[in-house]
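Letters are used for the chains, namely A, B, C and D, taken in the order the chains are written, and counting of residues starts over at 1 for each.
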Amino acid sequence: MAGNSFGNIFKITTYGESHGPGIGVVIDGCPSGIELDLTFIQAELDRRKPGQSKLVTQRKENENFVIQSGVFEGKTTGAPISIFIPNEDQRSKDYAHLADAYRPSHADYTYQMKYGHRDYTGGGRSSARETAARVAAGAVAKTLLKTYQIEIYAFVSQIGNLKIQSESIDYTKIESNEVRCPNEAVAKDMADLILKTKKEGDTIGGIVACHILNCPIGLGDPVFDKLHADLGKAMLSINAVKGFEIGSGFSSVTMKGSEHNDIFYNEGGHIKTKTNHSGGIQGGISNGMPITFRVAFKPVSTLMQPQPSVNSSGEEVVLEGRGRHDACVVPRAVPIVEAMAALVIADSLLLARAYGLGQP
Amino acid sequence: MAGNSFGNIFKITTYGESHGPGIGVVIDGCPSGIELDLTFIQAELDRRKPGQSKLVTQRKENENFVIQSGVFEGKTTGAPISIFIPNEDQRSKDYAHLADAYRPSHADYTYQMKYGHRDYTGGGRSSARETAARVAAGAVAKTLLKTYQIEIYAFVSQIGNLKIQSESIDYTKIESNEVRCPNEAVAKDMADLILKTKKEGDTIGGIVACHILNCPIGLGDPVFDKLHADLGKAMLSINAVKGFEIGSGFSSVTMKGSEHNDIFYNEGGHIKTKTNHSGGIQGGISNGMPITFRVAFKPVSTLMQPQPSVNSSGEEVVLEGRGRHDACVVPRAVPIVEAMAALVIADSLLLARAYGLGQP
Amino acid sequence: MAGNSFGNIFKITTYGESHGPGIGVVIDGCPSGIELDLTFIQAELDRRKPGQSKLVTQRKENENFVIQSGVFEGKTTGAPISIFIPNEDQRSKDYAHLADAYRPSHADYTYQMKYGHRDYTGGGRSSARETAARVAAGAVAKTLLKTYQIEIYAFVSQIGNLKIQSESIDYTKIESNEVRCPNEAVAKDMADLILKTKKEGDTIGGIVACHILNCPIGLGDPVFDKLHADLGKAMLSINAVKGFEIGSGFSSVTMKGSEHNDIFYNEGGHIKTKTNHSGGIQGGISNGMPITFRVAFKPVSTLMQPQPSVNSSGEEVVLEGRGRHDACVVPRAVPIVEAMAALVIADSLLLARAYGLGQP
Amino acid sequence: MAGNSFGNIFKITTYGESHGPGIGVVIDGCPSGIELDLTFIQAELDRRKPGQSKLVTQRKENENFVIQSGVFEGKTTGAPISIFIPNEDQRSKDYAHLADAYRPSHADYTYQMKYGHRDYTGGGRSSARETAARVAAGAVAKTLLKTYQIEIYAFVSQIGNLKIQSESIDYTKIESNEVRCPNEAVAKDMADLILKTKKEGDTIGGIVACHILNCPIGLGDPVFDKLHADLGKAMLSINAVKGFEIGSGFSSVTMKGSEHNDIFYNEGGHIKTKTNHSGGIQGGISNGMPITFRVAFKPVSTLMQPQPSVNSSGEEVVLEGRGRHDACVVPRAVPIVEAMAALVIADSLLLARAYGLGQP
């Protein structure tokens, strides 16, 4: 396997499965002298963890993390920061019936074909638990970005057919409800829809929107490493994500250029745009406006109802989810989207420092 | 600037501006012994070039390329393949009025802020001409993929509000019309819409869909380098792209899991899925079904009508496009989407060879 | 900090300091299905550990490792392999006197200037303990190489002025003595020299030679990634290494071409060379002959005698080593040299598989 | 083939063979706003080119280069800088007799085995001509380094058995003679030795030493990417190089620690070391003292005398060099060593800027 690292200058490497000793992440490239707040890292992990509300899986996981290196007297030393999160509730027995069968729309079949030898207890590296490592690393990246006043807010903008407009958001409302939708009325309907779907033994998808505020002008590079291309890859690497759009996104295809172009104006010496269809990025480079994007999550594949499938001998079998699974993963995906965004921005920021901004 | 390279094992580096001596690409990591067909490379370049039909810009560019290295007696040697495409029609005079002004929704402003020193004659690295280098490299990648029977078909599935369903496509019809839409009736309406928009001095967006057939099972990696994450980054790195979706994409968010899951079945010893909402990729790894994705293109930013803007002193100016520009770039984007897809698959394929598939 | 990763396809990332919870390594890119022998990994760690003989530091470290991921039912799964080695004997008190002083020829001063904030308890990432992580990863790489019959033998060829010719070696004798020199008579003199130096409170350097046998023809790339350039970087990244030479090395500069050229001959259908001044690598690519190189280690910097230095205020201080340190690190460096060689060859081997050898 | 790129942040990619249209380099990651002096680039190329003195091959190559991108109004734009050097004197006929034979100690045999399909006209990517691309890129790197007052001086310190001490050098004398040895008396003996060797149809090796002055404190990283490890890889990637040593190098192995340690002292507020056995690098990080290293070059493999060899059928053949070849490549290697050193330092410098030096 390759591809367990992300980033170039601010780079993380994750490891671990849901049913071994634990999962972890090594962060290489964090500047020295950054004060780390362990309470903040824990809070971020808690936003992602299962069992935090009645909307999500009731599987309990205490995300107690250990920092194993790279921090001295509360501050980063510049050395790699290793964060380990032990697994507490392994329960491999839940998975014995899956050793040989391929769950629909999971990675079982592709793993078996690619690797020959497969850890069937918990999905291997495709376990959603892997994202806890991303959130821990993202908390470190966010801490770095705070020194630049950069803020990142993700929130749920759609569950099934229920949606809000994601343009003008009261960020203080995001954590006011279990769905993490800043419109509380719609949030209530969304919660009802998730619970109803859960009762049916079914699952439902949704959209997470994300705004990055106060991003310096000049992050991203104009050709292959456009800032939104890196954000897109980051988001598409999250489990269950099926789509990504920046700014106007797919809605731009029905617009005329005269309607879509963001007109520049001078606001007290600062150049801004009247609209933000560009989503804060032009020619692959941040322009100082809020960076806005949206991420589509499919419905979870594990259903509490029987489904036909085949096993590794090609025989027909019937599978049904056991244990405790999410009917909708979207509210828990909010901190993951923020973490991946923070990693991309931290990496782009350090790279821009390397080249200078507007000077040799 | 960074980010002028793409890929890890099959890796390209591009360079050049639209108003210098030319543009080029160095392909490093192509296996030796591949027979290159120069006519095929030329044909691919011709599919992208301006002036090929009445729908696109009438600016003439003869994409005559030179292979400068890496090929001996018609076959690749394993050495880096350098392809250079001289510029013929530079006409910098068209751009003198832009030296100081920021065109709306172009990269002028972000370049100025990021680099301080800017080549205003033709958009620098943000010129659409840069994509010719991608198409040339993509033609080499396609040649490698042909030895595996892998086929890649992109086509226009939407212009403005006019759209076709992209599921069952007659690939032989794609090149039958200037829009590159395989449904000829809709293609005619699309052509009319583009010409009407052009007359208005305006521009219009659209969607390019892409199908990758016969892709071996096992390409892509499960965590950060999911195959669709790499495809997403590749597509989002193309100028004017605002969104990417794999398989069911954004439409998955309104589906229930029971509806969305792709049910496995055994067809004469081959395991397939009854539906393909996964878009041929599960857990980040190709599953042998067609890989299907869609790419959203915004309307072109250069308009043949006056638009307000500001210059580098922050003063208000009025800009109007001069010369010959596309009213809709989507038909010409088809070969670019194919090229980037070919580069991603070639890279994933070589990487999978490194690790073996299903064996040590 | 950057640079805690090594390799491209078979890639490791290390972390940890000598005075925190422990050190570790994440191996990404090991093919699946490789049987791992935990006893072998332990034996390799034991060859490196302090306290193994009277020649080396008597500081006790039990290198008990834990595999945290990537192995299932005794075989690699293709997922990242995380190996953690807890620290047992931290004793930070030994270092309190060093918080502010710069030990001669250590990394104290450069760390302080580069990072501003420094973990002075044990040398941070410059601790020799970091090499345990390399040895653990090297044991996994060696296991992969064994499936290709590739063998790696490092040994001590020089301590101070005492040396052996490194051409014809009885590899079974290497571990027969505490110096790891295959000539037992010279080994005894070397042991005496080390003990004498130790009594003087001083230290002494030496040379580790290394032979790689049965390496397939075709590893390495002809330009920047020549196989010996990668080996050189690997060796020079080991603490205390001051020089690297491949094949004839520095002795080649006094030779004529007619003397130095390795003449090809045909031995029963196999092409070999009569001499091996090339050290098994020609044009950066392995040629099937034994790969031979030598690595120079300086004398250890920590002395059991007073030395003048300065502190961070620029004031003069006198320092003297405390605790238990090696008078000669060279015997313990043997497994580290082998580990780094194994990592380079494993990486080159997988890369060569990607491109095919002699075929597309 | 892989490995035609070097560097991470300041990154070059080279291509081309000696008997095609030309060779070239793409420099990605040079900051914008650097004034390029074309005369200086030409002068650097001329220092490397054949035919510059009676000591080296009389083969004429006019290294006329073209900058194809990345420069506007005399300054870098931040875009990739492409430099192309056309081949003028191809003369493939000289090589027809080599199509099937393996020249001793060349890359012919390993290329044939690795790639199957081989360009035998001029050595492919193993041609010494490839180094012209490095020198051109190195000239750009040197220009960047000059803005930091960093100076790089390489010189010949040994030819055969004739040597000078490389500690105290008058850098203004280096270019005073054709050998590029700053001791003019020894230089004369060296020139005589080279001419005598040439008359014998033989070749001879030598050593290039290099000093880097005014390098900022803090370049390099402490683990795998130690500054001297990167320098070592850079040097070992040059054709004909067999060894590399930093500071005291191989001579350190016979020294005691009490003799080898570099004692710190305070010189007017600046911390320096009394000796410089460390070669300006401690713990992998530059310490502000001159960086000093030495590079061993073997005698050239092409001899003007008959040598036995085998062909691709394994049959015995006799080969003799034709055309014009160097009897000693070491004087022409001086600018190549400087160029590779400049590339390493430029890359390390930009990386250090990314992380900040001593501050977050």
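Note that a residue touches a chain if its C-beta (ideal position, glycine included) is under 8 Å from a C-beta of that chain, and two chains touch if they have at least 3 such contacts.
Bear in mind that the values here come from a model prediction, so they are computed numbers and not experimental data.
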{"item": "Co-neighbours of chain C and chain B - touch as defined", "value": "A, D"}
{"item": "Pair of chains joined by more contacts [C-beta pairs], A-D or B-D", "value": "B-D"}
{"item": "Geometric centre distance via CA averages, chain D-chain C, whole Å", "value": "26"}
{"item": "Between chain B and chain D, centroid-to-centroid distance (C-alpha), Å", "value": "39"}
{"item": "Separation of chain A from chain D, taking each centre as the mean of its C-alpha atoms, in whole Å", "value": "45"}
{"item": "Multi-chain contact residues (two or more partners), chain C", "value": "1-5, 9, 14, 29, 32-33, 78, 114-116, 124-125, 351, 355, 358-359"}
{"item": "Residue ranges of chain C in contact with chain D within the complex", "value": "1-6, 14, 102, 104-107, 109-116, 124-126, 130, 158-161, 197, 202-207, 217-218, 221-226, 228-230, 232-234, 236-237, 242-250, 252-266, 269, 271, 273, 277-279, 282-287, 296-303, 305, 307-310, 314-316, 351-352, 355, 357-359"}
{"item": "Residue numbers on chain B that touch chain C, as the complex places them", "value": "8-9, 29, 31-34, 78, 144, 147, 350-351, 353-356, 358-360"}
{"item": "Touching residues on chain C, where the partner in the complex is chain A", "value": "1-5, 9, 11, 13-17, 20-24, 26, 28-29, 32-33, 66, 68-70, 72-73, 75-82, 84, 114-119, 124-125"}
